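Chain lettering (A, B, C, D, E and F) follows the sequence in which the chains are written, and residue indices restart at 1 in each chain.
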Amino acid sequence: MRKVSFERNISKHAEGSCLVKFGDTHVLVTASLEDKTPPWLRNSGKGWVTAEYGMLPRATGDRMKREAASGKQGGRTQEIQRLIGRSLRAVVDLEALGERQITVDCDVIQADGGTRTASITGAWIALHDCLKWMEARSMIKVEKVLKDHVAAISCGIFAAQSVIDLDYLEDSAAETDANFVMTGSGGIVEIQGTAEGKPFTEEEFTGLLALARAGIADLVALQKQAVA
Amino acid sequence: MRKVSFERNISKHAEGSCLVKFGDTHVLVTASLEDKTPPWLRNSGKGWVTAEYGMLPRATGDRMKREAASGKQGGRTQEIQRLIGRSLRAVVDLEALGERQITVDCDVIQADGGTRTASITGAWIALHDCLKWMEARSMIKVEKVLKDHVAAISCGIFAAQSVIDLDYLEDSAAETDANFVMTGSGGIVEIQGTAEGKPFTEEEFTGLLALARAGIADLVALQKQAVA
Amino acid sequence: MRKVSFERNISKHAEGSCLVKFGDTHVLVTASLEDKTPPWLRNSGKGWVTAEYGMLPRATGDRMKREAASGKQGGRTQEIQRLIGRSLRAVVDLEALGERQITVDCDVIQADGGTRTASITGAWIALHDCLKWMEARSMIKVEKVLKDHVAAISCGIFAAQSVIDLDYLEDSAAETDANFVMTGSGGIVEIQGTAEGKPFTEEEFTGLLALARAGIADLVALQKQAVA
Amino acid sequence: MRKVSFERNISKHAEGSCLVKFGDTHVLVTASLEDKTPPWLRNSGKGWVTAEYGMLPRATGDRMKREAASGKQGGRTQEIQRLIGRSLRAVVDLEALGERQITVDCDVIQADGGTRTASITGAWIALHDCLKWMEARSMIKVEKVLKDHVAAISCGIFAAQSVIDLDYLEDSAAETDANFVMTGSGGIVEIQGTAEGKPFTEEEFTGLLALARAGIADLVALQKQAVA
Amino acid sequence: MRKVSFERNISKHAEGSCLVKFGDTHVLVTASLEDKTPPWLRNSGKGWVTAEYGMLPRATGDRMKREAASGKQGGRTQEIQRLIGRSLRAVVDLEALGERQITVDCDVIQADGGTRTASITGAWIALHDCLKWMEARSMIKVEKVLKDHVAAISCGIFAAQSVIDLDYLEDSAAETDANFVMTGSGGIVEIQGTAEGKPFTEEEFTGLLALARAGIADLVALQKQAVA
Amino acid sequence: MRKVSFERNISKHAEGSCLVKFGDTHVLVTASLEDKTPPWLRNSGKGWVTAEYGMLPRATGDRMKREAASGKQGGRTQEIQRLIGRSLRAVVDLEALGERQITVDCDVIQADGGTRTASITGAWIALHDCLKWMEARSMIKVEKVLKDHVAAISCGIFAAQSVIDLDYLEDSAAETDANFVMTGSGGIVEIQGTAEGKPFTEEEFTGLLALARAGIADLVALQKQAVA
């Protein structure tokens, strides 16, 4: 696993924020508290946590067209932001949050593989700090709202070997690519495994899952240290 | 598993086509041969297989806004059509296909859960028939291009029980929802598992995988019968 | 006139539905009851009937770009859906309908000329069945709301001869192309005549109108049989 | 029929231009010669005539949203510009025009009913002057390219009486509304008749057609005078 | 300075309107009174004045793509309409206007340089007449709402000489291009100076400002004459 | 003037990059070398420098809607990116650059007033470093391409006093707001002065210009230090 770090409170305005680095992948995460909720939750007593994801145009080796200029978010962007939102909601008690929305923005400053796993892992920190901000204002109790940690890691089979936390080169060449999202207590929130080339076997997949479990345990330990 | 059927050649125009039914979920699939390839494959000698997915507005219990009228495809639509395309490409030899593109359109006529798994499973039939059409014109050899079957099934945990091929009601209420895409020879192409409520355990997931394996074997047998 | 057929109740969800075939032109029509009305009718006591029209990408000989992907409905699509809506409203008493909206979706599964005339003719069936559904729930009286039948047919001059219900090849080659929408009692709802090549004479047009009148009488008879 | 006038050469830049007035309906028309042709005509030796239509936001009683700001042209706009283009092409020999495109822009400065018929009638003037401009540069012979006049008029049944060239108030209240496009020699190019309220009879329609024929003869006489 | 003229009341529908000409640059301006205000002013007691700007496709030497067809307003369009709105608001007492919005539409019929300065100068006339219309209905007092005149002129350095009111050819070739918006009493509302080629000196800029001051005094005198 | 700093080389991928801070306003700038040029420069031997500008959603006190999600860049965004591009081109010899494009992306990480002036000032650093990267590969000579420094500062009148480098609170409350872009040798590239409330006098404006001149001299000194 590459060197992972969290830098908290990097935004003057956001209720919670974090610059998360997984090696050369750097993601700026902010958590914004908003009083509105989505229409389908009005008067339900429940709140919502949602996420948006973006990449700066030159986060990548070649400059990509700016999504705001092209006029729409691509399929990959939408897929990732839905995944981040689902992952966070898996550890949040939406009733305890009350009728409010927290929007987590994950903006990739520099990409080198694993932007979605870094985003989820850093988003937990920003969300935590946003909830702490609310607790300081007697709006909620963090322990009631935030039920557990959540973190994510990619694993893959590259050159016939199982690898964890693939960087861009490994990811591009991997035969199998899987993303795992798990909680601090070891529950599985999301598994996405894709054969890039030839299909993979159940044994290979089980190996990746074991690797991911260990890696996520490390990430959760780092999260705990970061917010201690 | 619900009753599954394939009705072939339901389109006068398309090179391959199929009406696939998984219970009350009905999807119209066409495979269209086009001479163009995506820009990044020009002069590579390789072809491409891609998919698009749509739902008729009243395929669902409540009428949904037509995506053409709202002016964009939602995140879910884009996620599904990317999944269908990846699944088909896993069993196609793109070099043997040559510099051509096959576009598979999956349009849901009636939805009752499992539209993406029905789409993938029916798409294989339409793709197969499109390749047969090409073989009849001496463009390719089907056996060189189409390396294996591919089919998909959903499994979930519903009322604390493992269930296969969830319909809409089961899907809405499931605690865990997973989609599996596998080949005829048992290789795994794609695994997507999502905790809708509380996280799931590795044991639960392994149970779903075994269930899916059996279901997909049945689907492949039905595909074989259909194209025999 | 090509063989015309109506298959009712082909949707599990829609209040009214119909698969209409004019030869090789196949259109799936659903009628959806919605409680909302357009803003300009709020508190007027009147309802509304509107239509949307779409074509599956491979309904045609060459695959067309999906309108949802291109991000807008083309001019032809909008022109046709406005025509369908006007045609249906001509035989509906909007006050007797009450403050509700019925949206009729016409989706062309397979196209071979005359998709708009098939759509209108089939839409009457779906609308009728939707109103029957409402009558069964004591919401309206069908005889009060639905004042008459409405059906449509194309006529044209092709190879110097008047032809009715043109298929795609005839339509492409026609010198004059006209669409007629009439009611069961012979009233004219809409006439659209276009010279594709050289202008046509009043005599030619009168001939087409007579032809259309006879054809629409046949279509209305078939509608009566279908809902009997 | 309201007072009709044509003011030619009102644009410094356009090859042909005309301010056409049908009573209080004022439309600015320009005809622009462009060297490009649509892709489907490349190397065919044929040219093309096309039209675009727009309304200034305060051409109407209430200010309408600017189409450029709303980001798309509405269905009505597209329907009208397709009609103008078809009408002009009916009197142009596209082969004699050669591989060039003339784009006719009709922008409604002030609207009071009949904007599409004024547009078509004025567009013929602008097109004529554009062709004269080309003839002066030895590019074409006007008499070879422009085969006839074309003009348009609306007729309707209003308060149980046949009326020609309806203004906005008459148009809004008309029971039947029809637009006719005819050539100088009396050929019919386009007929569009719509029952706004109850369906109309064949006799009523025939009456409107006769009325239109007389009106268009007058318009053609005015066109001849204008370009004499 | 080119010949400047204002023709008032050129629209039957608009509360205020004006055709302004700066040489061959012709702009049609309408001022529309609307009862709505932007959301951020609701219940503030204040009104709003805003502007939209457009160019007819053939206002220019080469036909430009219609913004409604391309689906968005370009950066230049947005920049100009923001400038017009700010300029007008500088001389309006928004509280005295009350909770209403006046939308000023500036549509360029023919362009030959200076379309934004002609728009602002003509917009003052249309706004004035709209306010007069309101005063005649006892809605406001013009002298309370309209605090001063506002007009605009361009100046530039062309062939090493200071020039005022540049036409298209001068503007294209100018080394420095500046737009000035000033009030009747000589206050500066907006200054925009841009080096097209090499940067300009403070002395050059001061020279342009003096030139503009004189020109704007002339424009204000013409405005006074026009509304006298 | 607030504390200004430049942190160079903060992107692994971009040819030039810089994190520029003007107090609490932080902008990430990258300069990307691309082999393409805009269509109108093909075969001209000239290159191009262009800029894009964006704000992360929570760069501001309240979270703003993501422009990629809303599907278009607002007027303010377009106005600013056009200004940045013009400012940089004023000090670049486009012929000496050769047929290449450099795209400068300015993404505001945290906003507290003056984002456009910080962007321009930091963009010069990123552009300089991109050109150095090119020089190291013998593509150009920096001294031939980059003719001078360019920097920008805002000045305003706030509480009747001239202020330089306004932060968000000052900017919001300023009566007059002006942005100045100047070169290292004191030439003026762009002046934008806007009366937010009442118009300003020539004397006030001259005072702001003098203030800006001194501030920009300081910024250029800091740029020199940064790249020394």
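As a working rule, a contact is a pair of C-beta atoms (placed from the backbone, for glycine too) under 8 Å apart; a residue touches a chain by one contact, two chains touch by 3 or more.
Chain by chain, the UniProt names read as follows: A, B, C, D, E, F = Ribonuclease PH.
As the structure is a prediction and not an experimental result, all values here were calculated from the model.
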To get from chain B to chain C along touching chains, fewest steps?
1
Per the C-alpha means, the centres of chain B and chain E lie apart by a whole-Å value of 58
Take the average of all CA coordinates in chain B, do the same for chain F, and state the distance between these two points in whole angstrom.
50
Using CA atom averages as chain centres, what separation in Å is found between chain A and chain F?
33
Determine the centre-to-centre distance between chain A and chain B, using the mean Cα coordinates as centres, and give it in whole Å.
28
Would you pick out the residues of chain A that each touch at least 2 other chains?
71-72
When you draw the chains as points and link the ones that touch, which shape shows up: line, ring, star, complete, or other?
ring
How do the chains line up around the ring if the path leaves chain A toward chain B?
A, B, C, D, E, F
Name, in rising order, each residue of chain A that touches chain F in their complex.
11-14, 17, 24, 28, 30, 32, 34, 52, 54, 56-61, 63, 66-69, 71-73, 77, 103, 105, 107, 109-110, 112
The chain F residues in contact with chain E across the complex are 72, 74-76, 78-79, 81-82, 86, 90, 178, 182-183, 185-195, 198-202, 205, 209, 213
